[in-house]
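Below is the structure I would like to discuss, written out as structure tokens.
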Amino acid sequence: MNMLSALTGDDEVAALLSDAAQIAAMVRFEVALAEASAEAGLITAEAAAAVVAAAAGFEPDRADLAEGMQRDGVLVPSLVKQLRARMPEEHRGALHQGATSQDAIDTALMLQLAKVIDVLEQRLTAVQSRLDALRDGHGIRPLMAHTRMQAALPTTWAEKFRSWSEPLVRYLASLAAARRSLLVVQLGGPVGDRGSFVGRGDAIARLLAQKLDLGLASPWHTTRDPIVAFGALLALISGSLGKMGADIALQTQSEVAAVHIAGGGGSSAMAHKNNPVAAEVLVSLARFNAGLSGTLNQAMVHENERSGAAWTLEWMVLPQMAVTAGASLRLGLQLLGQLRFGSE
Amino acid sequence: MNMLSALTGDDEVAALLSDAAQIAAMVRFEVALAEASAEAGLITAEAAAAVVAAAAGFEPDRADLAEGMQRDGVLVPSLVKQLRARMPEEHRGALHQGATSQDAIDTALMLQLAKVIDVLEQRLTAVQSRLDALRDGHGIRPLMAHTRMQAALPTTWAEKFRSWSEPLVRYLASLAAARRSLLVVQLGGPVGDRGSFVGRGDAIARLLAQKLDLGLASPWHTTRDPIVAFGALLALISGSLGKMGADIALQTQSEVAAVHIAGGGGSSAMAHKNNPVAAEVLVSLARFNAGLSGTLNQAMVHENERSGAAWTLEWMVLPQMAVTAGASLRLGLQLLGQLRFGSE
Amino acid sequence: MNMLSALTGDDEVAALLSDAAQIAAMVRFEVALAEASAEAGLITAEAAAAVVAAAAGFEPDRADLAEGMQRDGVLVPSLVKQLRARMPEEHRGALHQGATSQDAIDTALMLQLAKVIDVLEQRLTAVQSRLDALRDGHGIRPLMAHTRMQAALPTTWAEKFRSWSEPLVRYLASLAAARRSLLVVQLGGPVGDRGSFVGRGDAIARLLAQKLDLGLASPWHTTRDPIVAFGALLALISGSLGKMGADIALQTQSEVAAVHIAGGGGSSAMAHKNNPVAAEVLVSLARFNAGLSGTLNQAMVHENERSGAAWTLEWMVLPQMAVTAGASLRLGLQLLGQLRFGSE
Amino acid sequence: MNMLSALTGDDEVAALLSDAAQIAAMVRFEVALAEASAEAGLITAEAAAAVVAAAAGFEPDRADLAEGMQRDGVLVPSLVKQLRARMPEEHRGALHQGATSQDAIDTALMLQLAKVIDVLEQRLTAVQSRLDALRDGHGIRPLMAHTRMQAALPTTWAEKFRSWSEPLVRYLASLAAARRSLLVVQLGGPVGDRGSFVGRGDAIARLLAQKLDLGLASPWHTTRDPIVAFGALLALISGSLGKMGADIALQTQSEVAAVHIAGGGGSSAMAHKNNPVAAEVLVSLARFNAGLSGTLNQAMVHENERSGAAWTLEWMVLPQMAVTAGASLRLGLQLLGQLRFGSE
């Protein structure tokens, strides 16, 4: 589905959530865990050094990982086995000691999402800047307001730009808040009570968080509300851009022509068409992410101390939502650059 | 569908979102608007007094309102007409002057949601207290942890209570934040630019907010993200309670019996059954609100300066979500009170 | 939420799915079951006569039913108790003998849905007739076709009417098919294997189906695909009417004015507005039913021999979907009658 | 997201819906259209031969197609340009003559879905065969039935197998019906009225359908109910397999142990675990497809004669649904093969 992703996807965000990025983040987790565990006295400094050495230059056997994924439902057992095979036998137990797959996967996700948030913030800021510039350049132009699909009363483009821009301010604030509330370390051990770290769990978690530049939190294997709330934010971003897309598609209708799109899409059958492709796709992305948001909420019903069913559902949904929010911002930025007013 | 609402509904929250409550809140808006408009010099003090007098003891003609709803898609034109009929002719224009239906309806909703938030906060606090008490009374009891639907390792009930409780702390914080970010006055006039208030719009909005104890905001007719974000929070509340329900349904299975429910549901065919009805319904409510959350997000694509399609969709979804979140907390509180451990 | 239902609801379909209708259908089930059981030799003719007598003129104690609903998660235990209280003690066991709550509730639902299908068929046929009349009266009128929100090439209104009409033909066929595939008797006993009818279950089911004019089927307590497929059909109906609504809202835009709506909605602020309220609400209904359709599908994951969680979710969703489909057709029919072409 | 697709994806179905498969199907459409157009007298036999020659051995320039996709929102203009570049100038106009992008894309989708249906039928039949064999081998084994998450009464495994199997019979019938109702040719021209084929449209459509082994239909650019109904069927398939997965996850719980899974998943932390990974993932897939089904329904609101927004949404959703249904059947088949009863 590569071709479609040229239209509806986002290469930059997708790369941050790729297999390669996830594996790298999980290896980073294992290294930081070993270092933290050594500092906290759970494993020896030599063992930690062996983990660091094993991770250096590690190239995963991806076929083996995929096989492990199919069998175990998670990558981690295979990944740990591959890493351990690069270690002296006496230190192998120190890798991943006390941890569970979910510690590695959830913490890795946070490392990945930190970068996704960077991208989203940059793009939200860029869209805002462009809206500011449009307001400065064209805000005083008259615009017929439309309510309930009917011409209502005259207003100005400044009002339109304001309505597109104000939610983005809130999203930037929400992303900043998500850095604190979402981007936290996961460390619970097999059943989420840190019992496997024999009294050193809290100390290790604190050190781990420092090393990975993540917040500290009690284990959250089964309390997925920050993940789902982040998905809700991604859907809001796509939603507001979808509203902008819908407005532009309506304003560029042949009969309305309040604004024009430079370089809209062509048709295989009608040479005169100048289709508002990006505007329409913004609506598609909004509806797609809206739907996924509902599905992600279904993953809140997380049975007992770990639900394979609910957790796998998150994996199927959240990355798509991030890519879609990224695509919304990418297309929104492009589309604003294509708007032409009056005789421009 | 009264019977079903005995199981899945919530009378208290439903009453706060009833027709009667909405009409009362809209009348309160019109009165406060008239007073604010008089203070700001848009209308005379006499006219404002006439609005106050018309509102006092007002009993709406509900058949006429329903007819207006069908015709106009909103209650307000009929409501304004009914109120104006109670006023001396010379002051009638002062009622609702400069305002649009959406100003009345959205502001009224905020007044109603303020009370809904009160109820949710009280119940979240009550559920938390009960979880604290359970932790104090039973937290040290051993519990077999289950991951991926299999017995894993022993832990304690304290961990279970913690996992049920921690998200609720976050929801209380989110509700407190929603009081500031969501509960704001709506005042924009016909096309959302306050032009109809001829230069006094900002002053009127400020006074209106004070009188109604709401926050101040620029017009948000078309930027519905705070509404949709509130819906997302409602779904999270139901989701976490649904997780608790799923855990309890699993732990009370005949073969597991880690805890018992005093006074579970009976069966028409099997006298020995003690069904975890409330636990199961918590799961239903979670899934229902999850789905509605996705649908509410579809209302983000709000065309131009007012979308009847998107706005009506909000009305169909948001009240149900609030009632469902209320029901989740109501049932969760009941269920926690029914839990019996060991030989209790 | 009465006022809103004046706009988005449907009194006729809602009545068919009301508490009163459900209780009446469940009583009808119990009577037919008793008669079938007597004919099959499971209970005596005297006992069956006692059931018939108890049902005659039965007025349920609704407060007691609501209490039972809360406690048991189903109405049936309370209902059976109320009916048995009207019977001589020696025959009480014959009422509901061998059956389970789900037999009564699911079969009652089928009796109710049979009438819902009647209404939907009548309305689909009425919408089609009106479309045929429009095609005959106005089909040759020219219409500018719009693709991707841009004027494309001229076509005729006949094409528009065709595109609105053709799906309805398919829905009528699907409803006719649903009469056979969906409207079947439910009889399984406590765990769905008819074991409680001690060898007479198949015979009783056959007789029961005859008496209730329903199809025969093996027990389907846990196989809910016909229910969910019916929901999908309801969403398609609302979807096609939503497409029609979107088209009309676009065609009646002030700048396009390809058609007019006689008696559209008024505004509280702009006397010149003629809002396409019904057209917009058709879009709302389509999006609402689309979302509910996804939620109903979540109820397919029905645990073991009866899932209170999944089944309750169906109850929360399916009736709303039927009412919404009914409202779509009601509004669609109204809206088509309001269309005015040219100088009409 | 390759690794995840090892768990939740389906290589075979994904290949049928890949870019390569889509391009091949679109080329096949263009060839058949040219041949049909020649037979119907719209273009010359020489021109048709030139189209056939251009298609033979055609290797698309995929970078150019991706660029076209981004610009035009559809692949077809670029594809047509590439094919025309391989033709003598005088015949270039004959390629795609009278057609629109949607004719090519929708018809290509039908050619692709025909093969997807083949795969789904094969797998449904295979799952059924395995269920028949299980019933023959283990049906008489006793099983404790569970209703509302509680042990109810004894039944047999035969009942369980029956409940898993019966819906599949219906899905096979629905797939057979979909071959007739869904797999039809799309030919409408730019605005869906076949006007561009200057009187020969119906004849060309008939010939085209014959050549491509598809059904005949009037243009359905904007009436997407057969597509959405097919999506609903895909969700039902995943739903029923999800029910089976939920049952198996419950039955293989450590405390219930009514059946065992040979070769379940391992844990990175607990060597004794035998996780029902496939069973859990079946639940994930069901919930994922349920959610997507709701989103696909949103695409029913298809504005005017072609909605870029609604159509693009279909592309984002339907292929994922088909892959997910394929994965459900793949995993279900695998899981049934892993079940071990008693001392097996």
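Going by the order they are written in, the chains are A, B, C and D; count residues from 1 in each one.
Following the convention adopted for this analysis, contacts are C-beta pairs under 8 Å (C-beta built on N, C-alpha and C of every residue); 3 or more make two chains touch, one makes a residue touch a chain.
Quantities reported herein were computed from a predicted structural model and do not represent experimental measurements.
> With chain centres defined as mean CA positions, report which chain is farthest from chain D.
So the chain farthest away from chain D turns out to be B.
> Averaged over CA atoms, how far is the centre of chain A from the centre of chain C? Could you give it in whole Å?
40
> Distance from the CA centroid of chain A to that of chain B, rounded to the nearest Å?
Averaging C-alpha atoms per chain gives centres 29 Å apart.
> Show the residues in chain A shared as contacts by 2 or more other chains, in ascending order.
Residues 73, 146-149, 152-153, 190, 245-246, 249-250, 265, 267, 270, 275-277, 280, 283, 287, 290-292, 294-295, 298, 307-308.
> Work through the pairs of chains, note which ones touch, and then classify the graph as line, ring, star, complete or other.
Shape = complete; every chain linked to every other.
> With touch defined as at the start, can you tell me which chain B residues reach chain A in the complex?
Answer in residue numbers: 73, 145-149, 152-153, 155-156, 159, 162-163, 166-167, 170-171, 181, 190-193, 195, 218, 220-223, 225-226, 228-229, 232-233, 235-236, 238-240, 242-243, 245-247, 250, 283, 286-287, 289-295, 297-298, 300-308.
> Note which residues of chain D are touching chain A in the complex, please.
Residues 1-4, 6-8, 17-19, 22, 62, 65-67, 69-77, 80, 96, 99-101, 104, 189-190, 196, 245-246, 249, 263, 265-270, 275-277, 280-281, 283-284, 287-288, 290-292, 294-295, 298-299, 307-310, 312-313, 315-317, 319.
> Going by the contact rule set out above, which residues of chain A touch chain C in the complex?
Contact set of chain A toward chain C: 146-153, 249-250, 252-256, 265, 267, 270, 273-277, 279-280, 291, 294-295, 298.
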